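First the structure, in the form of structure tokens, and then the observations on it.
For reference, chains read A, B, C and D in written order, and residue numbers begin at 1 within each chain.
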Amino acid sequence: MAVGGREPRGSKAAPSRPLAPAPPGELSVPIAVPNTLWQSSNPLAYDGGRPAEITHLREFGLTDAGRNDAARWGALQVIPTNADYILDLIRANSLWPLLSGLACCAFEMMSGATSKNDMDRWGMFPFRASPRQADVLIVAGTLTTKMSGPLIRLWEQMPEPKWSVALGDCTVSGGRYKRSYSVVQGIDRVMPVDVYVPGCPPRPEGLIYGMLQLGQLVKDRRGHWNEREIGPTAPDDI
Amino acid sequence: MPAHQHAPRTSPARATTRAARPHPQPSADDASARQYSSADDPRVMLDRQVGALFEPIPPYPTRTEREGEFYSLGDGEMFLNVGPHHPATHGVLRLVLKLSGEQIVDVDPVLGYLHRGVEKICENSDYYHVIDQVDPLEYVSSLFQEWAAVLSFEKLMDVQVPRRAEYIRVLSGELLRIASHTLFMGFLALDLGGLTPILYSFIERDEIVEMLAALTGARMLFNYFRVGGVNGDLNHEFMSRLGDWMTRAAKQTEAQAGLLNENEIFVRRMRGVGVLDRATALRYGVTGGNLRASGVPFDLRRAHPYSVYPELDFNIPTRDEGDSLARYLIRVDEVRESIKIVDQCLHNMPDGPVMARLPRLIRPRPGRAWGACEGPRGMLGVYTISDGSDGPFRFRIHDPSFLNLETVPALLPGNLLADTMAVVSSLDPVMGGIDK
Amino acid sequence: MSAATPAGGRIRSAMGLMRSFPAQFWSRLSLQERLALIFVPAAIVAGVVTVLAVVLLGPPFLDFLGANLPLVRFAVAATAILLLTVPTAFVLIYLELKVIARMNLRIGPNRVGPWGIAMSVIHGFKVLSKEDFAPTGADITVFTLAPVVTYMASVMTLLVIPFAPGLIGQDLNIGLLYFFSMGGLTVVGLLMAGWSSFNKYSLLGGLRSAAQIISYEIPLTLSVVGVIILAGTMSMNRIVLAQSGSLLDWFVFKQPLAALIFFIAATAEANRTPFDMTEADSEIVAGFATEYSGMRFGFFFFAEYVNVFIVSALVATVFFGGWTAPFQWPWAYNLNWFNPWSFGFFGWLAIVLTVGYFGTIFFAVFARLFGGREWGLWASMGLGFLFLLVVVAGLVVLAGFIAFDWVAGLVWFMAKTYAFVITFVWMRATLPRVRVDQLMGFAWKWLLPASLLNLFVTATAVVLLNR
Amino acid sequence: MDRTLKARLEARLSDHLRAPVYQRHDETEIRIEPGSVPEVLRTLHDALDLRFEILADLAGVDTGVAMQVVYHLWSPMTSDWLRVIADGISRDDPRAPSATFLWIGAEWLEREAYDMYGIVFEGNRDLRRIFMPPDYTSFPLRKDFLLPDDAARSPGAGVRHVERAHVSAGAADPAAGIRRAPAS
């Protein structure tokens, strides 16, 4: 059964500790489960407990290149900044969300698009299935650490110009799962956010209001193309 | 412009870490099979890196027999990664499909993209907070998860729930079951490519959810049941909305089901697809409508009665086919039964208090209790261990979708890619409950 | 957002990456200077080149054109049809948004323009202005060419469709054959897109489209053979003429089975629901278009709707009489008593100003009174002017309908075509999608035998009746 | 409370029971050694007067002293839930026999118990982590795994691995941004 096929090391020596709350300030001994399935100290297995590489923003963030778009556009920055005075008026009226729901809020997002609260009235309906054709990433629901890698990849796959809306308490700050061991405490730690819609979950009207605010934001930011940040928007010291 | 823009992501450091890992399995990396002159060619490195990015082969040695078997490709097979973001996987389910052409050879579901650690949080909360914390698990029908939790707590506390509270629980629960099944029908049609039924479903669902919001104060995560009763009595707005809705509920449901039941394309795509026979269903621990579609009349409302269900008159619909169409039709029948139950609840609703008299601080004696109720997707269970403090020592949540989804690797092989959506959707998984 | 970060330092260090002479020089210029630096030399160069080209190449080029009039006609027709496709696609997209919304019990777009009529244009321009990139690993040449091939194939198909008497790009004597060959070219574009995207969903979509179109080409082509036998020609124009007369002369009544087969196969040919296997949203994310963004996706998007128009137009042409009226209509009144030149310039100016002024006020009153909400003065005036334009345009079309048979033909043709367009939209809102094996089985097991049977029966009947 | 069930269980399983059969409300509870799980489950499933054919739940439990695996079973022959507790599994090297030979569905439930507690189920052919990422190294539902409220005392030092990827921008070393536990 076991693939590693290695003997457990030093397992019998460790006494079982009875359950008692550790005294404040004392450092608990990390658990080591000696079994043959895997060894956390084996660097070939599971990265030896090193941080996962699922967020490939890391090197990007270290290079400082993502903080400003001037490096990307270079001499051609005249074109986006000035064409956007007109194009952003168009974009503000045609915000196609990505059809992507993470958890509970996804249902309220869909409800916002259906007959009763018809988001299509503002041109927000064609939920695109492919991130290549979407304008807005509505992050609807709890973002876990395991999902953050795929979510960031989705965000990076969307073509510019793109915006993101954080829908729901869990997405905005971690919400009721802020204490959990597997939940990202707010998606602004891993990707930029334009509009926050709190609520658990927010009503569909809340989402529509947020999307209308986003349209206003698009108009307000006209001509400030190269000042956008494309990395996480949370301050560094959180 | 594209190359320039993607420059930061293709850093050489990343490429080397990927390449340095042992890759024991023969990969389906057809890109790297292209012939280039030199191994130092940056295009080769790029291809290797891109292949590593897009192949679902895990970058570590396989851990188990089954994983090794799955992640080795036969002749003419390829992997297709469906999810965690995919329009038809109901949230963040990820299915790694092994395909031969469009035919599915094997499936490896990967879960955990919505694992929120609810059990751990509940063990660190008190009993009141637990009811709130379990709401987002079955987010389509969250009352049932609360119900299982309070059933378990009431056994721990030896509480007798007032009859009016029980009736209110049944009433709100059955309404939510209708909403959940209605959504199921819509999403099933959506996954098969029909645009309109989902919008009709949402009209019904929004109406039910709004009337429950009038009762409980929230649209989705109700936090309404309490240990020993419910949070508030029926109010005028709820009753008037419910009365309006009941006048047309049955007709509306028939109309909506008629959109799909008589649609030849829909029926042909569902019939005989993903057949789950009786023995397999029992061996997999499937519950709910999926089990009843396989011919086992197992419904906790009758099999292990709780609340006031013994007093109510309703049937447990079963079917023998066990295919996707049967699973769909079972839901349609259950909606009809639920409408009957709601009607009876309204007629039999007794007067009286809606909460038992309980101390402000809940602190049950040490002990263990298992509470289970029948949700729209099957048996929802909660196993609580109390150590005498004001919060559970161990709070175990059993979700039916978890075991229902486990049958996917058994149902899919041999079918076509398009059937993935029909089968997964007909099992009606909710990822919040599966991943906890 | 960047409260805690020293933003200035960042910018400076980022600019330091490219501290070369041209970049430094460029960064010191103001906006106007940059614009001037780009556009003034460009304008000078373009002007000089144009003048030189006209002087040197003009006369021989005109001679060449004069010697090859069919070529000129072809080029003009192709350009006109290329330009026609864009508004057609916009109208169809709006129609689809609005009709599906109504069938879903929704309102649909209603914010940009009255009743949201500009929404499809907004969507189109937005798509065109999105970032346009090729994914890592894609075959960029093929990736770029694929939408062009698809779009051009659609546009070229329009060349042989008779919009009205005399209003046809090229009246080829093998018109139908040309149509089917060009329609078959669409799949090449889809296959190119699927192959070059470096994405398995795209690949599956491309292969599905190849299999689907190859299967459905056969019943599609065979079903019109009966029509060809009856009409005795493959020229689209003459097929229409063969149906002129009354309603009963339409081929749909002589070839009902063929019409049904043709409609079903054409749905598959246009990749519409329930045969939209190639871009099945819920299965293979967006099919061949999964990796496409921006303008390239826009081409696919447009090509899809142009295809819908073409297929509807073809159904109307081959089986429903094309531009002929369903019954005898005594049009083509002689309006020669009306000589517009007799008014003179100032007479026309007076007419236009008077009608414009009083018409605007007239309709503005209605807009003010019956508008769904509180219209402001200028808004109602503008709306009144729009109403006036619509009414005047309607009157002009009516006059043309009465006076010129090509206008009447165009109106009939468009009415029939859009009836089928709306049928396609209706099907999309109603039906689920079939599975890929059911799709192929349906083509080979049902449509193909049925079309062969139809062909056989038609040929026998023609032989027997003519004898 | 089904008294006859108690008698039937005692008759069939008397050699395996670690403690007397315990009944409360509609639940009957038996405690067994982990080693006798296959035999007991087989008997419960197959015996004609028991017929516990639906596995309602399989849960791991960490009592702080030992690990347990808890099975909840349902049978048409009784009105009670049956709870089988395989008690006394070592916390340091937790091992239990798998129930997949009877219920294939137990495979994922066991994977979950492995993921949350590290209990190794012998005989489960696909024992991987199911919820947490494969590079995760702790077992979150164990009682000595503490939530970030008590961040300093938890094995992960309260830092989740995604957040380690985003260090303060000034730091060149990615590891410099990690908060360490106080060394008191």
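In this section, contacts are C-beta pairs under 8 Å (C-beta built on N, C-alpha and C of every residue); 3 or more make two chains touch, one makes a residue touch a chain.
As the structure is a prediction and not an experimental result, all values here were calculated from the model.
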{"item": "If a chain touches subunit C and subunit D alike, it appears here", "value": "A, B"}
{"item": "Pair of chains joined by more contacts [C-beta pairs], B-C or A-C", "value": "A-C"}
{"item": "CA centroid of subunit A to CA centroid of subunit C, Å", "value": "39"}
{"item": "Interchain centroid distance [CA atoms averaged], subunit B/subunit C, Å", "value": "43"}
{"item": "Approximate Å spacing (C-alpha centroids) for the pair subunit B, subunit D", "value": "22"}
{"item": "Centre distance in Å when subunit A and subunit D are each reduced to the mean of their C-alpha atoms", "value": "31"}
{"item": "Multi-chain contact residues (two or more partners), subunit B", "value": "5, 60, 63-65, 86-87, 112, 115, 117, 120-121, 124, 199-200, 203"}
{"item": "Residues of subunit C whose C-beta touches two or more other chains", "value": "5, 104-106, 133, 281-282, 285"}
{"item": "Of all residues in subunit D, the ones touching two or more other chains", "value": "125, 127, 131-135, 140, 145, 147, 149, 169"}
{"item": "All pairs of touching chains, each written as two labels joined by a dash", "value": "A-B, A-C, A-D, B-C, B-D"}
{"item": "Complex interface listing, subunit B residues touching subunit D", "value": "58, 60, 63-67, 111-112, 115, 117, 119-121, 123-124, 155, 280, 282-287, 298, 303-304, 367-370, 372, 379, 381, 383, 385, 394, 396, 398, 402-403, 406-407, 410, 435-436"}
{"item": "Residues of subunit A that touch subunit C when the two form their complex", "value": "64-65, 67-68, 70-71, 74-75, 78, 82-83, 87, 90-91, 93-94, 96, 114-115, 118, 120-123, 125-126, 128-130, 132-133, 135, 159-161, 192, 229, 233, 235-237"}
{"item": "In the complex, subunit B residues that touch subunit A", "value": "4-5, 8-9, 11, 13-14, 17, 22, 60-65, 68, 84-87, 91-92, 112-118, 120-121, 124, 132-133, 136, 139-140, 183, 198-200, 202-203, 205-206, 219-221, 431-432"}
{"item": "Complex contacts: residues of subunit D adjacent to subunit B", "value": "24-27, 29, 53-57, 59, 61-62, 70, 72, 74, 76, 79, 81, 83, 102-109, 112, 116, 125-135, 140-141, 145, 147, 149"}
{"item": "Residue numbers on subunit A that touch subunit D, as the complex places them", "value": "1, 8, 11-12, 14, 16-20, 22, 25-28, 30-31, 33-37, 40, 46-47, 49-52, 54-55, 57-58, 61-62, 64, 67, 145-146, 148-149, 179-182, 184, 189-190, 232, 236-237"}
